[in-house]
Amino acid sequence: MQEITRDTLISRAKELLASGEVDRVYGWKRGEFCYDVTPALFTDAESLEKDFEWGDFCGANLSKYLVEETRKSEGKILVFMKPCDTYSFNQLLTEHRFDREKVYVIGTPCAGMLDPKRIRDHAESFTSVVSDENGVTVSTLFDGDVKLDRSEVMPDRCLNCKSKKHVAYDELFGEDGGTIASGRFDEVEKIEKMTPDERFEFWRGELSRCIRCNACRDVCPACTCEKCVFDNPNSGVENKAAENSFEEQMFHIIRAFHVAGRCTDCGECSRVCPQQIPLHLLNRKFIKDIDGFYGEYQAGAEVGSRAPLVDYTTEDIEPSDAVKGGDENA
Amino acid sequence: MADNKKLKEDVLAISGVNVRKCMKCGKCSGTCPSYGEMEYHPHQFVSMVESGDIEKLMQSESIYKCLSCMACVERCPRGVEPGKLVEAIRLISIRRKDANRLTPDRISELLDEDMPQQALVTAFRKYTK
Amino acid sequence: MSISKEPYRPLIVAFCCNWCSYAGADLAGNNRLAYPADVKIIRVPCSCRVNPTFILRAFQRGADGVILCGCHPGDCHYTSGNYYTRRRMALLFSMLDYLGIERERTRVEWVSAAEGAKFAATMNDFCETVASLGENKRLEDLRCKK
Amino acid sequence: MQRIGVFVCHCGTNIAGTVDVAAVSEALKNEPGVVYSTNYQYMCSQAGQDIIKNAIAEHGLTGIVVCSCSPRMHEATFRKTAAAAGLNSYMVEIANIREQCSWVHKDMKTGTEKAIILGKAAVAKVNLNAPLTPGESPVTKRALVIGGGIAGIQTALDIADAGFPVDIVETKPTIGGKMAQLDKTFPTLDCAACILTPKMVDVAQNDKIRIFSYSEVTDVKGFVGNFDVTIKRRARYVKEDVCTGCGACTEKCPQKKIPNEFNLGMDNRRAIYIPFAQAVPKVATIDLDHCNMLKNGKCGVCAKVCAAGAIDYNAKDEYIEEKYGAIVAATGFNPISMDKFDEFAYSQSKDVITSLEFERLTNAAGPTGGKLLRPSDGEHPRTIVFVQCVGSRCDSCAQKGKEYCSKICCMYTAKHAMLTRDKYPDTDVYVFYIDVRTPGKNFDEFYRRAVEEYGVHYIKGMVGKVSPEGGKLMVQASDLIDNKQLRIEADLVVLAAAIEPDRSARPLATMLTASMDTNDFFTEAHPKLRPVESPTAGVFLSGTCQGPKDIPETVAQAGAAASKVIGLLAKDKLMGNPCVAHSDENMCNGCSTCENVCPYGAITYEEKEFRMPDRTTRIRRVARVNEAVCQGCGCCTVACMSGAMNLKGFKNEQILAEVDAICR
Amino acid sequence: MRKITLDRLDEFFAAVAGKLKLYIPVDTAGGAQFQQWRAGAKMSDALNTTRSAKDFFFPQTENLMEFKTEGKKIEIIDVRRENEDFAIFGVRACDVRSFDVLDRAFLSEPADTYYQNRREHGVIFSLACSKPAETCFCGTFGIDPANPKGDIVCYKTDDAIYMEAKTEKGANLMDSVSDIVAEDEGGDGESAVNAQKEIISERMKKLPLASLSTDKFGGDKTAKFFDDPAWKSLSESCLGCGTCTFVCPTCQCYDIKDFNAGNGIKRFRCWDSCMYSEFTKMSAGQPRLTQLERFRQRFMHKLVYYPANNDGMFSCVGCGRCLSKCPIQMNIVKVMKNLGEGGENNG
């Protein structure tokens, strides 16, 4: 079995560019440090060689860029996707957000990404990160090297990875994995078991930090609206900044509701939140409820599946029975 | 008169019956196994309670002739439950006399092989407050 | 126990579908079945017209309870609207509860055009429930307070 | 900015009794946009409407708010008023301060406060209203009548008479319905068959009418004027156009012991059968469940004896699709099951029967050839007890029967009692009743004749219990007038079972999106003013599917429904509902979410070219609403994340404005 | 020079908090944040707060005025109130510089009275950075983290904090708490602070961005950079979110909006971001139609337009917040490095 490296990806991308199969490549570009990798478009072999990056910090989900990028020309785009990205890819296809024919997907293996925020918890002013089977070695400016367990510096979304399976690809690098029974609902359950007062305090504490930078929305592959209701002065709910706790709640409830049944749980929202609000716990609540009320449903698992909120059965649970908080069983 | 009103309220409260639902079909009396024994019949209980004529019912033997079989309750198409009225009036009567006519220690002497248990239960309902 | 002259009255916004529940409310009126004036009805074509935004907006603006009334499942004038409502509201209410917002402040009730009595009874019950919770504090916007 | 006029109606004292109408009109004067505000005794009266019209002209109003009764009552009235004064009808909003305010609140202060708030909400909404113009759609000039009883027959005949084609769909092998099973009809005692069968023949011979018997409606799509209906024609294994109805097959079929539905199981029929002699269409039908040939391929007698060669064992169910402009529901009724009324011993004795069974027992074409014989032993009954209101007028908490009065029982019981005494004067006939209800032409006279001329014993009281004892039926009942309990030894007990809508009505209502009440009777658009229309446009109601009624009433309603249908089909175009969804293509994501929830398939997509901010062009998939198909439920507006989809007349902004006004 | 040992820090905070509202950086689930000091609050050791200290003078949302409406009547309500005195402890050199940047925008005539009022009432305890991070590049803009500005400058060593009042405002405050923190006369203060400064200067040299220079930028460079081909690739993946602007200590754009509360209107301002598609939208539309234009605006403003109007002062202070917070890791450093280097794909 061939080892998949940055070079594997670059040489295949160069081949596809050279053959004319694709005319541009969406990938990741290295930056100043080991971790500040930027999603970027490459159009020639030279820049690929020079700047293309593939590694522990290529966490950004590239599927959303395809909505705009595919509209720009008739040419085909090569895009690299981790297993979780492919779910977003499929969900976007289900919603007719881009033309599948214009994209060439290479599935790349993923051992879980690393989270610079969590690395900083252990190592201040770090300059390089080397990871192998034995763990992660972080070099710092003033404190020498720090050795860490991979699990100590992986983001929650990777620790609770739901699937190593690529649900969409034209070509696959490495062996495909399967779905994983993760403990991703444990945190949600913990919150559910709190009393309503505790839950309220918990969320007020979290949401009060929101600065409405819209990073969660703008990075979210399910938030691809041509015009977001929160940006639209005619929508009646537009606002630029949360003036008080109500507006914080409003934004996050409506956003979570709009992606309910469509969110693939890719975890980008929590990754990008500058205030480290665990936004994925809102989305996961909906996912957990949907699974519980209407049967297991994984958004993006297959193209064309009917999202739970555009579906119904005559025997669905009543709203009054749906609300089962923790206070009864606490 | 005020007493009568109070009495009626008590009967209605104890029984939980809404006498206004009665459409005077007489099915209760048509169904009653004790009909022949009773001075006032189930349907009369309903109408007399409605008109507040409760003293008369309380004085009547009828309240003890009722077997508490509840057939009238079962069959009433309007769910009026005349049997419960009889019970309620009986209960008020017994309470007034402040004496149970049956006490648990007398049960053993009443027991015989042919006595259905239901009869005992019914008797208890009828003769105790 | 409050001894102020005007006891606290909750503000209830009721969204009623035109075909069943609004007609049910009219029937309650026809039959003179009283319920508190706290209830203010907004007519919508179907319960499925009610956007979660409307519900949150009502709370923002000072409502203490929001109730959504539609045709009974299976009886929707538009065949399936209330089935979608049922799913949307099940998820929304569950989310509100998850955020620690009192679950009793929101309700969905199916009221047919023939159920004037049910409409009045539902409103009486809901007003009482919401009144016992007191003012909505957890989804309030202080700017909108009087 | 709108120029809004507010018109507060007193509705006599209906509103003014609990709401200070002057205070309401005064308060609303100050609302943004309001330039005129007044109140009047009866806004819906001609004088009231004139006030509105004059104000529109005088003050240049661009929108009006009427604070009055429910919009379900007079919204249409005031819209017409506005239109007459040159204002778009959709610039009118109603604040419901009667049904939802003055009638439910007792206190003047709270009533007035609430009325003002409701008025403010309506003003806030009108401020955001825009003139709307209804779209037009063509009308398919063909009607569908579902149910082939007397209601369906009469409706179909009347529609066909006006020159429009009509199809009747009937689940049974023949049309005729319940009336075909009756013996005589009250109060004239003419024979049901004699007056019904000519009409059945008329239907068969009318070239405008097609009969789909042994068929059912399986799918309804579309909307008023443009329904697409799928009809399942169940295989009857006999070619309808070949069968001559000679009946040879029905005599030779070896399967003889099948309970005959037409006679309510009181005798038997064959596996191939014609329900009754005057059946229309008069063709045989093979009963799949009992035919040996169809079950295991062993028989084929009918095919052998059929001179016409009409038997086709390989027939399959067929589905036909047809377009209709109007649909009439005429699904009829059935007696309720006697399962929950075991005190009358229906399940214990063959001699306790329902009134419909009694009809068959006295019918010359019935199982006894018209002789009144006890089902158990074929003896003449000497004492007959009729019990009325079995399962009717029950309280809902008793959970047994129906809350309503079945309406027809008093009269047919009188008829049965009278006919019995007429034919068999030696028979004692008792009728136990709760009330005898005879409002109808010659009805009470008929009942009195039963008592006075025929000596029927009418006893005010109810039967409590029937117990079979030694071949007799011991009937225990109360006589409320004499205040005694009776015990009558009867030979036959006849139960006037309550009637209920046919079970096919509920799924049909779902397909038609027509509403029903809790008893499964179809709801009329208005109980007094639109009694033969369903609230669903293009769907009409005929006969007992709407509520219990007797034959003359059914025929009258059937005619009324027909005239409504004719009125509809006579139009070339229909004005649609302008309160339909609309997609803002600049915001549309083309994600198909709205399409997925639309119950009418009103949303389609197209690829559209857009100019981008950087002056390039992009092609995007965007939703388009077919306004003729959209019914305006608004489901799509909530499904749409971007808010591109909005509902005219109930726009997001309008509803939010109402919310704001109420919560202000 | 005054000295407070770390074990008595709480006492000091309590004493200051007794005089005015005191804010200190505290660790939260969202990183370090300034919070009002309360007994038991522990000062964060983090290099910097997630949000910058600009919030104190230029809050994210702020009511400017109100209108009370009743029917058609409208009444204007002035909501300006004299601000309470407050102090912020632990402001880093970069953030202190940001106040200069903001002052130039808000205090130049006509002065923004809301901002001015807060500024007048705020006392700044700056804190030298003993351990800068890899994302720091304040040196690029001539900021010396060893010698921060501020009303009171603080140096933290392993066991104590040394403080020196630099302004009258600072001196008054320190005098008022001199019973807790007395003048460190003849103590080790001078030498400890100098040693600290030495360490900081050494560490600054080691920073990966130490060599980043502003030489090619300045107020006269509009023509040079405006049509630079690098903008395209730099802005290509920008999500258009406002993270960089909202964590930036110098971003100063706001929008004024009306909130109709039903019973009245609150006219408020809130931060705006030039990265947003609705930014400066006017009746004629949006002047910057593409993300490229909006992206360019932000960095041109920091590096060219602002210096052009402010005597060459750049409106970036090198705090590095945008480096660690940008969802796609695009930032001003990459912009500075790539602009003017020719070629669209020049990395």
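In order of appearance the chains are A, B, C, D and E, and numbering begins at 1 in each one.
The rule is simple: a contact is a pair of C-beta atoms (placed from the backbone, for glycine too) under 8 Å apart; a residue touches a chain by one contact, two chains touch by 3 or more.
Fair warning: this is a prediction, and the values are worked out from it, not measured in the lab.
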| item | value |
| --- | --- |
| Intersection of contact partners for chain C and chain E | A, D |
| Those chains which touch chain C and also touch chain B | D |
| Of B-D and C-D, whichever chain pair has more C-beta contact pairs | C-D |
| Farthest chain (mean CA position) relative to chain A | B |
| Between chain B and chain E, centroid-to-centroid distance (C-alpha), Å | 86 |
| Rounded Å distance between chain A and chain C, as computed from the means of their C-alpha atoms | 36 |
| Euclidean distance of C-alpha centroids - chain D vs chain E, Å | 72 |
| For chain C, residues contacting two or more additional chains | 52-53, 57, 61-62, 74, 80, 84, 88, 141, 143-144 |
| Multi-chain contact sites of chain A, meaning residues that touch two or more partners | 229, 236, 243, 309-311 |
| Which pairs of chains touch, using the document's own definition | A-C, A-D, A-E, B-D, C-D, C-E, D-E |
| In the complex, chain D residues that touch chain E | 29-32, 613-614, 660-661, 663-664 |
| Of all residues in chain E, those that touch chain D in their complex | 70-73, 260, 262-263, 286, 289-290 |
| In the complex with chain D, residue positions of chain C that touch it | 11, 13, 18-20, 22-23, 25-30, 32-35, 37, 40-46, 48-54, 57-58, 61-63, 71, 74-81, 84, 88, 112-115, 120, 144 |
| In the complex with chain C, residue positions of chain E that touch it | 259, 261-263, 266 |
| Interface residues, chain D side, partner chain C - complex | 70-73, 96, 98-101, 103-107, 110-111, 113-114, 117-118, 121, 509-510, 513, 515-518, 523, 535-536, 579, 597, 599-600, 631-635, 637-639, 647, 650, 652, 655-656, 658-660, 662-664 |
